[in-house]
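Take a look at the structure below.
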Amino acid sequence: MKIGIYGATGYSGMQLVSLLKRHPHAEIVFLSSNRFAGKKFSQLYTKFSGMIDDVLLDEESTYPLLTKVDLVFLALPHGVSMRYVKKIKNIDKDIKIIDLSGDFRLQDSDIYEHWYGFDHLIKNSIKDFAYGLPEINRDAIKNAQYVANPGCFPTSMILPLYPLVNEDIIEGKIIVDSKTGVSGAGRKESQNFLFSEVQDSTYAYKTGSHRHSPEVVETIKDFTGKQINFLFSPHIVPATRGIYSTIYVNLKNGITLEDIQKTYNDYYKDEHFIELVDYIPSTKDVNRSNKNFIHFEYDNLTETLIIYSTIDNLMKGASSQAIQNMNIMYGLEETMGIDFDLFYI
Amino acid sequence: MKIGIYGATGYSGMQLVSLLKRHPHAEIVFLSSNRFAGKKFSQLYTKFSGMIDDVLLDEESTYPLLTKVDLVFLALPHGVSMRYVKKIKNIDKDIKIIDLSGDFRLQDSDIYEHWYGFDHLIKNSIKDFAYGLPEINRDAIKNAQYVANPGCFPTSMILPLYPLVNEDIIEGKIIVDSKTGVSGAGRKESQNFLFSEVQDSTYAYKTGSHRHSPEVVETIKDFTGKQINFLFSPHIVPATRGIYSTIYVNLKNGITLEDIQKTYNDYYKDEHFIELVDYIPSTKDVNRSNKNFIHFEYDNLTETLIIYSTIDNLMKGASSQAIQNMNIMYGLEETMGIDFDLFYI
Amino acid sequence: MKIGIYGATGYSGMQLVSLLKRHPHAEIVFLSSNRFAGKKFSQLYTKFSGMIDDVLLDEESTYPLLTKVDLVFLALPHGVSMRYVKKIKNIDKDIKIIDLSGDFRLQDSDIYEHWYGFDHLIKNSIKDFAYGLPEINRDAIKNAQYVANPGCFPTSMILPLYPLVNEDIIEGKIIVDSKTGVSGAGRKESQNFLFSEVQDSTYAYKTGSHRHSPEVVETIKDFTGKQINFLFSPHIVPATRGIYSTIYVNLKNGITLEDIQKTYNDYYKDEHFIELVDYIPSTKDVNRSNKNFIHFEYDNLTETLIIYSTIDNLMKGASSQAIQNMNIMYGLEETMGIDFDLFYI
Amino acid sequence: MKIGIYGATGYSGMQLVSLLKRHPHAEIVFLSSNRFAGKKFSQLYTKFSGMIDDVLLDEESTYPLLTKVDLVFLALPHGVSMRYVKKIKNIDKDIKIIDLSGDFRLQDSDIYEHWYGFDHLIKNSIKDFAYGLPEINRDAIKNAQYVANPGCFPTSMILPLYPLVNEDIIEGKIIVDSKTGVSGAGRKESQNFLFSEVQDSTYAYKTGSHRHSPEVVETIKDFTGKQINFLFSPHIVPATRGIYSTIYVNLKNGITLEDIQKTYNDYYKDEHFIELVDYIPSTKDVNRSNKNFIHFEYDNLTETLIIYSTIDNLMKGASSQAIQNMNIMYGLEETMGIDFDLFYI
């Protein structure tokens, strides 16, 4: 299918472009970036010299092309994305959209406006977006015209939590202590993410106030009907890639570890991109792949179930998951163009 | 005072040597290493060429020197240290000892033997060791002949937890999710800690089963009389230095954040090496210093108090804390030779 | 074709395995490792769980399988490889071999023995090995039963130097100052390559005495008939991947930069894996790809031509180049299974 | 003495402040930063909370304080510094100045204007600045009111080159291939120096056109009367600290390695901050110290002398060298406040 990509020059956009360029069924029609319009993509990412030399278009220049593409990806900032969606829908009502921002992940626009601080420009459209987490929402994605691609942290948390909440086998407070590399902060100029600042630096930020917190709570409520008592505590570690979520929960009375294992097997044993492993995983297990590795252990002393979940923030946490959604929307092999785990180091 | 150092060639030993070399009142009489006996210290750490060219002695060669030193530091592996202590005490009953291993941190030798897997060789001596965490045990250290220097993780956890447990203002399960750089694993040959393996790698290990877990529980019991319900969950992050402990606790009914703040102020406001900061700290705040930075926030939704505590694992978590103890034992200015925060990057 | 891989568990071996697993025409029959025989490949590299779970065979166990494979790759240490080659040839005289060690790169066994310090076990076989640098030796590789895959540094140096020497347009001393990440040192236990040692560490080693020096000199002599006056000066930098060679040469009288550009164009314009770029490249341009980026500048003041050449040491410098050779040997599309540049970061 | 520091918030300024704060004879009267005026220094570098809480003053606010300070340090950008110098001299003609920029390093203002692209505002003052490289210009510094602190790269090159040029024992082209960590680029917002961009990235830049090139040539001419034929080729490596210069030179006919060794001994054997080592050094040998480690080897094949020289770019390459100069100007022990090598890792 023919594809346009907005926000092609951030890290997620770049990763999306480089993957789609090799996808057997995707044909890139345009790459768009207002900031770098007129430059070649390969001038911004010289690695792609001779391979992705497309000239970047500004927003306006893409309008005439919209009717020639089947699908657009939006790798734009929160708040900006919805403005593009509004415009694009007006120009071509049949076009498919996969949005990588947070603008259409929360079904309740009040919650969106509270956490994101923007007025939502097209509240009525939110319900038309399927939440793009294939392992729990594949059927809806299959039939969706619009998909809201999940946040990176939420992907790492919802996948391990959803089966346990849905089966009603955990209770009480859920604490998630997540660690992320800095590529999630993007490629924009910044002091905080300079190499000299990040090296040997580990710290928490936005404990309890990160926008990915309501995404987890609301999504789990949407899919299970249950309200969780949830604390999300993200941290920065001196890495480029990788999200590692350590999840602390309590089992309901009578629930055994066999029940947990069985639940995970029932939900995920056949999922190509989820590995239920019998050791504590590392972000290195998933770097540069579309995989999610999950493991759990039980601490007898404190009666706590600890779940370890890791993904690559730019892949399963953003770009390759977006392609997984595209594959599903078009009835392609779900793994097409994203099924490699080539690089351990 | 005259000093001997055993285990001088590991990272903790090396850090201790380099600090003591500049300490106004310390005079190094010998450096010992069985593995590298006969080599100069500066052959192992070429940085110190022309500055610390002492030849390393094997264990036996140090015996005749023991009566000429006032104090020995032991930066030896767990299980090895107690053997040295036994021997050294026999040779010189007046010598002072600061032990950086875990061999004398647990007053109950059964607990030691359970968690460390060794028979304790000199059970009767354990009680003669003061737990060397000055901010909670200064008086005992002052009068001690023997000091058990705390573990790196425990230092980062006991300092923030002790006041709250002692004042009886928290309750229920305590979860600590700690992140550490890899220098704590030492300088020995290893595959797991190769640069190529560590870069972009984050992972949990020994959840609930790390030896530093009983050290926290037992020490807090010794100092407060209270048994805590405690889960310790350590992680490796791709850094050389720094420990970051994120602590999740519940407040007792009626306890306010003002109570927490007041408690910390009461205990630590005048402590030179503890900073109670009004922002979420980073390991970068304490790298290469003897400081502990502490901050707390409250999550209303889940009614959870989150405490952030960070130290440098080789400094406050090992070597500079050992010197702080030495200073106290000898009635010196407590900050002598360890009071610098010279390097932000 | 059916394939066996010896030395599958080092970094080069692992990279080779992960690439071949996705190669459309390759079928892995066995993976061999004496050290880890009996373990699954995915136990050593957990990332490949569920994907490459082959059990590693020891040397002996592979013998019966040799007649069932078309081609073996040897990713073994220097000196070990020739012993395997001898044995394998005896068992199956028709089998194809691609050797990634240095044992068959130097046509003159005296030079080999001088620089490697081993007696060569099968001197008569050396001449049967084609030097596996496709861009300068494609025809020989096409018809070869045995290929000696080039060293990582030599690949980065011979590609830019060969055209200039062959056209006889440079003269005098050639100085190459190379910088490499540490993955080239492999995955074996080591103190020098611990994360804490490598971080913030840059240093030269083996200036003028590295085994890759004669490989460059002899290969260039074999292919051009000319003896170069050559100084190779390698350095370690705190990176996992990437080789960067900065080459300082003098132009012959009357030679212009246009001549240089024309020469490179003539030799390499149509080479898929060589990019002649108009800016100073970075190792980031080639990380995790089979590419070699080349650029040159001229310093008028000192009349020096400076050439910048960069490759990924594990890819074009080892494993993907080995597959490029395989593709050529089997008449496949040369880019098959190795033509991706997916990851900028 | 009483001190003011301009440009206190860049990395060099910060390093200077943290060192001076501990200097036994220095008293900081003011810290200045136009950009961050009104903030506390410890808000920008939280590590120094409770230790360096001085409020940053804008330029104007410092004027009334100038008559109360003995010495000002300028850690300002090139081109900005000379404007400050002009103003400061007007306000207080007796004040001492140590300038860390490039504005007063080149005695010939034409050369300055050519390489820096600015008109020089106070050409007549240039001659009043002593070049602040103590090991070759100590006497002039001792009597100087104004000192131009050397560039980081030039320090690493002039120290090893000066004795050989001065003794007239090398000839022909001098090639210096330098590698630097990224802290030299400062703390300003930037895309190029983001962690994700720097990790696993090595590249050359400004070959033959870096401003530090004329600084080396002119300084060596000033001090030896000789014009060198010099190519400076800097590279970025993924490190925070450290400069490593690999220097390729030719010996004059009849000169032996003993002559080289003797020359270095004659010039530097008694220099506290220069170590002539008998192995190839690493940046790790000098990180966070004021040292310069020098070693040389000879390549018989190409008759090339290779000299390895390494410094910490923020210390001997900037801030601690500035303090060394201050110590000399005030007749203090030259090592005062800068003589530590505390941190190997």
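Order as written gives the chain letters A, B, C and D; numbering starts at 1 within each chain.
Here is the rule we go by: contacts are C-beta pairs under 8 Å (C-beta built on N, C-alpha and C of every residue); 3 or more make two chains touch, one makes a residue touch a chain.
This structure is a prediction, so every number in the text was calculated from the model and none was measured.
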Most widely separated chain from chain A, with each centre as the mean of CA atoms: D
Angle of rotation relating chain B to chain C [CA atoms, steps of 5 degrees]: 180
Between A-D and A-B, the pair joined by more C-beta contacts: A-B
CA centroid of chain A to CA centroid of chain D, Å: 46
Centroid spacing, where centroids are CA-atom means, of chain A and chain C in whole angstrom: 37
Distance from chain B to chain A - Cα centre to Cα centre, in angstrom: 40
In chain D, residues with contacts to at least two other chains: 11, 181, 183, 196-197, 199-200, 238, 240-241, 281-282, 284, 287, 345
In the complex, chain A residues that touch chain B: 173, 175, 177, 179, 181, 196-197, 199-205, 207-208, 229-231, 233, 235, 237-242, 244, 246, 248, 280-284, 287, 297, 299-302, 304, 306, 308, 310, 345
Partner chain B, residues of chain C touching it in the complex: 11, 181-183, 187-191, 193-199, 238, 240
Touch list for chain D against partner chain B, complex: 11, 14-15, 18-19, 22, 45-51, 183, 199-200, 240-241, 275, 277, 279, 281-282, 284-289, 293, 314, 340-345
